[in-house]
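Here is the structure we will look at.
Per-chain numbering from 1; labels A, B and C assigned in written order.
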């Protein structure tokens, strides 16, 4: 019984983690940017979705759409306010852009977090479920919403896979992560490719944020924690590797769920962290990463 | 020695320290408190800049070292009741041991991976503090039986002189032969090793120095505030603030890191009337400085914008 | 000044990087007071040999004995303290310290506890600075120095530990003629002091006057050894640098009949930091022509092409079909019809051959893309079989063909080929040469080819430019080149 419960919860939580992390890894893979405002962008989507539903009475789907849109706009803002100015700056030496982008996106993330807390207070909020009611899965009473979220996550992940592997736009993204210089020589404007990556990223982070708000709830003050968890998952799976991130998400998700159910909810994050440390020491490029 | 007394920097610093030392006579108790904390942060930031700006090591987990120092000192004080100086030394020792255990295997890693390990170390420490709550007070934090002083001016002077001594040592180190070699290993490790310098040895040394000062300052902060808690000495947000303070003040200058810390903490207080928006405004200003003046406040003071 | 026992003895040195054998069974001796030139084109493994001797890379097999002590596999700092010094071509000095302090750094002991330098360090630093001719700029910051002085500073640092062996990487790259003379005297001074000197360079000519002996490498192997003259005359060396017999088939009418050139470059200057990479370079390419720019590695060919492609900032004019290319992005220039196939190939290594080709043709409408693809697969049949394979797993020759094919997928008006023969075996060169021939005979394409391998560059060329030390020093038809330049080129 508890095994099935763990399976179901673990599956859905992991899917949600995965969805949150793949956008993060995509941006790193395509443009080498570690976006530490990631949690903030997810939360913008979550809070806006919750806000329009509560204040303007949007139905759950309309609210979710508004949330995703907000996430997308936040991603664009992140790109244009922090990343792009640093990449094109003449005063910042190229070998230091990394630390500058990290610092800038961190500050930007703090601004988002504080801005949200100011506008919406820092109380945790939960969006109304997309689907009400419960279903019985092998004897475990599971909210329909949870099932729906698990499925939605995988639908979005599947769509991303199709986009990257089966379309010309997707091939361009792959090529950019492989060798951006060559892409320019073949007549592709890199800035446009990056913009495309940020668009996809914004949608992914938006969907992840909205689903998070509807499943676990969201609080403006959780931005840092969300970024850290996406970061750990991505490092575990290998920076820049989308399938690695999914595997990482499932390892973390299941370890957390198992620990929470079988040992103690207090210890929830520990085993995954230990695994993370081991992986970073033994195989710093992550499970599927390449040096 | 003669050159020291001729340098403009020395006289400016001397005047600044004298003015700082007289602050208890003309500044409110409230701001003395703010500055006291800011001075300890200044030491955190300077220790971080020695690693980042000189040895070229990006340590995302300064609070791992600070937290070890703070909790090491606090636990020894509350469990064994030993006097504060002993606890401080013990804390610094814990930070040093922890730092070496972290750095020895991690320094092999290159690129972003070293940064990742240090970040994960903070997360681990944070969780261990929560798990061993009966020792550490868990999420609430722990009180220490002893404090440096109950008088705000005395605490202020302790912090000021602690920072001045640390600044003198760290700044001196940065200008010493060791600092020269550290910079060489940070800028071009291959060329440095071809000149006959052991890169690993020097990087480890830089990490140890940073650990000792971070740990000491962490312990001092605990005996000033009377508590050790995750939120004040371990949380990633604290580490972030240290990094931001350094870049804001001017990386690779040691003294800039100190100035950045004081500016950030003061600004946070001065903007308190804005209510919840104050952190937002401080972050926005810091972001603007980083984008438009990448060499930080000290860089602007020294060279103006065109040299940036 | 020559002593009896060699100071440095290298035997059977080999180094593999993954599947690539970069250095294969190399051996040589250098005596005190002797200068050995180690020469070879890019990718020949000469720089790897230097790194192996310094300990920056660890050899797989072989011995490196310094005065009888085997230092192979030691860490660089230990080798440096044992008595080998290196003058890097590019190293990053301490930018916030003066020249004097940069030199003092090199004199410091490898100790964590000596915080103040000995007073004698200052005097020694000044003495070394005077030796290399830096006494006038001791208190300046490296960022304010001219390029030659930065190189002097590197020399000073390498001398600090009084090495018995000095390794110098490309001693004269980026220097003017008078500076070359100064540096020759400096290096000759090392010999006078009884040090063993290893000069690593692309070609014999630039170091011929200085070296006592030269050793030539190609594709990781030892191909010739002897005095500079002997090496220059050596058949294998000539074949490596120049190829074999030179044939030419110019079509002079193309340039004569054309009106305005398709590509017109005039007064082009490029600076890399302080080094002048191109100086007042002007070339023209007419519609349908094959133009070869011939020059040794480091002469500035790649810089010229990168300037045309918009990859490096430059001054001077580049006009394309009558319009100025200034301010155009790399991608805009490529879409305007100037497609570069770079020396480094720049393939999408993790993607398949087919995906690489498709990305090249992505701006074409589908039917045209299909047509172009089938034509290219016919031109390079091997790519047909390799379509599904990841580009990174191809052999060097296959990768080069893929790079060319991918550039051609864009249907360029002007194809820029940078060193297509780099590191390729002779068999592959023949295949490439045939493909070039077909391209020239069956299509109206215009080609600008940069090569150091003259035998590859000349047969297809209608006109030739010779680039040397950042300048165009000769221009004319390939027949005249074979007569006038053929002998003095190496």
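The working rule: a residue touches a chain if its C-beta (ideal position, glycine included) is under 8 Å from a C-beta of that chain, and two chains touch if they have at least 3 such contacts.
In this text, all values refer to a predicted model and were calculated from it rather than measured experimentally.
A.B. asks: Which of line, ring, star, complete or other matches the graph of chains that touch?
C.D. replies: Per interface graph, the chains form a complete graph.
A.B. asks: Which chain pair has the highest count of C-beta pairs that touch?
C.D. replies: Counting C-beta pairs in contact per chain pair, the top pair is A-B.
A.B. asks: Just give me the whole-number Å value for how far the CA centre of subunit B lies from that of subunit C.
C.D. replies: So the centre of subunit B lies 46 Å away from the centre of subunit C.
A.B. asks: Suppose each chain is reduced to the average of its Cα coordinates; what separation in Å results between subunit A and subunit B?
C.D. replies: 31
A.B. asks: Give me the residue numbers in subunit A that touch at least two other chains, ranges are fine.
C.D. replies: Where subunit A is concerned, no single residue meets two or more other chains.
A.B. asks: Help me check something: in the complex, which residues belonging to subunit B touch subunit A?
C.D. replies: 52, 58, 105-106, 109, 112-113, 116-117, 119-121, 123-124, 127, 130-131, 236-237, 240, 243-244, 247, 275-277, 279-280, 283-284, 286-287, 290-291, 294-295, 308
A.B. asks: Taking the touch rule as given, give the residues of subunit B at its contact with subunit C in the complex, in rising order.
C.D. replies: Touching subunit C from subunit B are residues 172-173, 176-178, 180-181, 183-184, 187-188, 190-191, 193-199, 201-202, 205, 252.
A.B. asks: Can you tell me which positions in subunit C touch subunit A when the two form their complex?
C.D. replies: Touch list, subunit C to subunit A: 309, 311, 329-332, 334-335, 339-340, 342, 346-351, 355, 358-360, 362-363, 406-407, 410.
A.B. asks: Which part of subunit A faces subunit B closely enough to touch in the complex?
C.D. replies: Subunit A residues touching subunit B: 34, 81-82, 85-86, 89, 91-92, 96, 98-100, 103-104, 106-108, 110-111, 114-115, 117-118, 224, 228, 231-232, 235, 239, 266-267, 269-270, 273-274, 276-277, 280-281, 284-285.
A.B. asks: Once bound in the complex, which stretches of subunit C touch subunit B?
C.D. replies: 54-56, 75-77, 80-81, 85-86, 88, 91-97, 101, 104-106, 108, 110, 112, 114-117, 157, 160-161
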